[in-house]
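Given below, in the form of structure tokens, are the structures.
Consider the two complexes below, in which chain A is the common component and chain B and chain C are the respective partners.
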Partner chain A sequence: MDGYIIGTIIKAILVLAIISALAGFGTYIERKILAFMQRRLGPTHVGPYGLLQIAADGIKLFTKEDFIPQGANRIIFMVAPIITAATAFIALAAVPLFPEFEIFGIKVQPIVSDLNIGLLFVIAMMGLGLYGPLLAGMAQDNKWGLIGSARTAIQFLSYEVVTGLSLLAPVMMVGSLSLIDFNNYQAGGIGNWIVWSQPVAFILFLISGFAETNRTPFDLLEHEAEIISGYATEYSGMRWGMFFIGEYTNMITIGFLASLVFLGGFNPMGFIPGGIAIILKVSFLFFLMLWVRASWPHVRPDQLMWLCWKVLMPIAVINILITGIVLMV
Partner chain B sequence: MIENFKDRNVGVQHYRFLKLEPTPTTKMGKFKRFLRRTFKLELFVGLKVTFREMIKALFFGEMHTVKYPLEKLPISPRFRAIHQMLRLLESGHYRCIGCGLCEKICISDCIRMDTRYDENQRKEVVEYTINFGRCIFCGYCAEVCPELAIVHGQRYEVATEQRASYALFEDMLTPIDQLKNQKEYPGFGAPSPNADENIKKTPLAY
Partner chain C sequence: MEAIAFYVFAVLITALFLVTVFSKNALYAMSSLAAGMVLISGIFFVLGADFLGAVQLVVYSGAVMALYAFGMMFFDATKDVKEKNPSAKTIFLLSGASAVILVVIFSAPQIGRNIKALVTGTPGADNPHVIGEVLFTKYLIPFEVAAVMLLVAMIAGIILAGKKMDVSLSESEDDLVDEASELKEQK
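Showing the complex of A and B:
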């Protein structure tokens, strides 16, 4: 029992440290990839290939003045970014990151806690993370922030339905909410991936995943060209940084969710071992998010609502119906 | 590359009209357009374009970025930057004959020169300064110079700590050891490339 507690603490600290470092690295990758797609160079001057730009940005964020506007609700203003960052990491607790491996003769399961409601927990935590922008926008006494938080609300109401319904069909097929069960269900090779039997659900989940992480086709809450910086208008320094660590962590979480639920998880892919396979899948999904940001314009709030309620939700319901009929027969 | 800068007819070269379909007015037409756009997968065409641009930039050397202080774009040879005083190629003596035309024509009064007769009774330039705080780089001095002695060079980075920074004659004069690298200025005042063809014989009989 002692070993279990210590192991869990070590795993939690490792996940926190590695994923937050990866989130910082994600900003560098994003700037580089976007630059290449626009035929620019991106950051080049700080360190080799501009790699130390992350450190420079981190130093800047940490040493900036922690500024709270006069008319703001101080407590909510200070708590809001912590909600975003914390829920993003809590969501990762139920996500199995790698296959089991052995180190110093101890069998390690690289999941902080194998909940039997894993998928539901992750989705709930990521949904809870939207309280960050919502409260931040309302607490900061700024009109752009208020518009940003209003958009958070409508975005939340729109995509969350689609997320849940699109994941329902795979859940019906697997018969469990634990992500490890999802992984084991697809153990038989590439042909067994759920994406082949549920392509519609996969596309729906990707679309709502973009909305969930505020990525570009749906980045309504902080679209610079329209509402300055949305909910983050009055934020600076590390509080602003926490929003972005949360956002990039959510991107990684969505990448892991999509690969675990639809793309075969950490099962070995031919000659590629499972651990490498899932890293490849998550990297590709992360790249896809940047690729889409470089290519597509973003939609209006009313278009997002139209898309989610009038197009995606009926498709998701029909998908569930057909899955149910096939499962019954 | 320089040809692109010389060509001033920017409106007609590489543009082509997009084949845009007319906007549908009926509901059926709108529905048909919706279906066509959905199943044509136009979104993936957008993805393809950005990916192609990335491959071109990374592997085929079509990056747009110019690392400015380290590399510079070529500028037009007619660009009018900081002045240069040229030398005669044969003797290495400066070309300026001290006629004072540039001082006279300068509309912002930034050129001052002082001359005297030397021992051979030739004009010699004693002092020659240009006040670059006043100079508007209009190019009249280069145009009026009968000897092509004062021309505009290519040094366009002219940030300075002082409002009025003067340049002396020696600062602008081609260094004597750089004489073989001295280039003729093709801008105002220079003979045009087809100058020989334009010359007509002076009629002798009226």
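Showing the complex of A and C:
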């Protein structure tokens, strides 16, 4: 029992440290890839290839004045960024990151908490992440913030429906909500990946994943040309940084979910061992998010709602219906 | 271990809901209610009802409270709410009723000692499976009736809200928008 508790604490600290470091590194990768796609250079001045830019940004974030506007509700204003970061990391707790491995003769399962409803828990926790922007916008006594938080509520609630419905079809096929069962279901090699039998669900999940992580075609929550910076208008320094870390952590979580549910998870791919295979898949999905950001302009709010309720949701329901009929016959 | 978790959750939930009731600031009330809803799912997890815990997170904290929050945006959330003073009779009745409820709550463990589970489910099956089994066999009709009721509520909501829904305000010309808003004001 003691060993279990200590092991869980070690795992939680490792996940927190590694993923938040990756989130910082993600900003560098994002700037470099965007620059490459737009024929610019990106960060070059600090360190080799601009690699130390992350450190420079970090120092700037940590040392900036922690500013709270006069009319704001102090407590809620201070708590809101923590909610975003915390829910993003709690969601990762139920995601199996790698295959089992042995270290110092102890078998390690690289998942913080192996719930038998892992998938539902991750979706629920990512859904709770909407309280961060929502409360931030309402507490800061700023009209742009309020519009930003209104957009948060609409966008996250609507696209949660599509995420849930698109994941329902694979859940029906596997017959379990545990992410480890999803992984084992696809153990037979590339031909067994669920993406081949559920391509529609995969595309729907990616689109709604982009919307839930606030990525560019759907980044209406903080679109600077329209609403300054939305819910983050009055934030500075580390509190703004926490929103940022939460967003990047959610991107990584969506990457892990998509690769576990649709792309064969951490099963070995030919000569590539499972642990490296899932890192490759998540990196590709991360790259895909940046690629889409470089290629597409963002949509209008009414187009966003039209896409969700009139296009994606009916397709998702029809997909579930067809899956059900095929499973029954 | 479980006892510690239960008492931590119980104290926190009670404290948060007390903040909801006593706070004059609408934003505090709403955030503490949402946080309490999240912590209630913690009690489900302690009981081993993982599925219900996650559903509590999705439905109450994720959807219902977010809709409350959406309604709150039409008020100035940073200012205190002025409370009206209702008559002394109402306060007398309400405080009496809450005293009775408190007595019932404290005596509930004594009454509940002999309660047995109505449905036991297949032994060995995990949480979502058992719930599915019970919902689709023993409680099928209440489940379907609830679904029909939700459908009715949804259609009623669409009819109430959707009087001008065939006209898209963002795509029409400016004078058309003015006309539509004037029509709304007349109603």
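Side notes on the structure shown:
Please note the rule applied: the second predicted complex is superposed on the first by the 329 of 329 C-alpha atoms of A that agree within 3 Å, B and C clash if a C-alpha of one lies under 4 Å from a C-alpha of the other, contacts with A are read in each partner's own complex, and residues count from 1 in each chain.
Just so it is clear, contacts are C-beta pairs under 8 Å (C-beta built on N, C-alpha and C of every residue); 3 or more make two chains touch, one makes a residue touch a chain.
Computed from a predicted model, the values in this text were never measured in an experiment.
When the two complexes are overlaid on their common chain A, residue A:277 makes contact with neither chain B nor chain C. Shared-chain residue A:92: touches no atom of chain B or chain C.
Judged by the touch definition given at the top, the superposed model places A:302 against chain C, while chain B stays out of reach.
Once the two complexes are overlaid on the shared chain, A:138 sits against chain C while remaining clear of chain B.
When both complexes are overlaid on chain A, the residue A:115 reaches chain C alone and has no touch with chain B. In the superposed pair of complexes, A:260 makes contact with neither chain B nor chain C.
When the two complexes are superposed, the chain touching more residues of chain A, out of chain B and chain C, is C.
Overlaid on A, the two complexes show chain B and chain C touching no common residue of chain A.
Interface residues of chain B facing chain A in the complex, by the touch rule stated above, are 43, 46-47, 49-51, 53-54, 56-58, 62-65, 67. Contacts from chain C toward chain A in the complex involve residues 25, 27-28, 31, 34, 38, 50-51, 54-55, 57-58, 61-63, 66-67, 69-70, 72-73, 77-78, 126-128, 168, 170-171. Within the complex formed with chain C, the chain A residues making contact are 71-73, 75-76, 79, 115-117, 120-121, 123-125, 127-128, 130-131, 134-135, 138-139, 141, 146, 149-150, 153-154, 156-157, 160, 177, 300, 302.
Residues of chain A touching chain B in their complex: 33, 36-41, 44, 291-292, 294-296.
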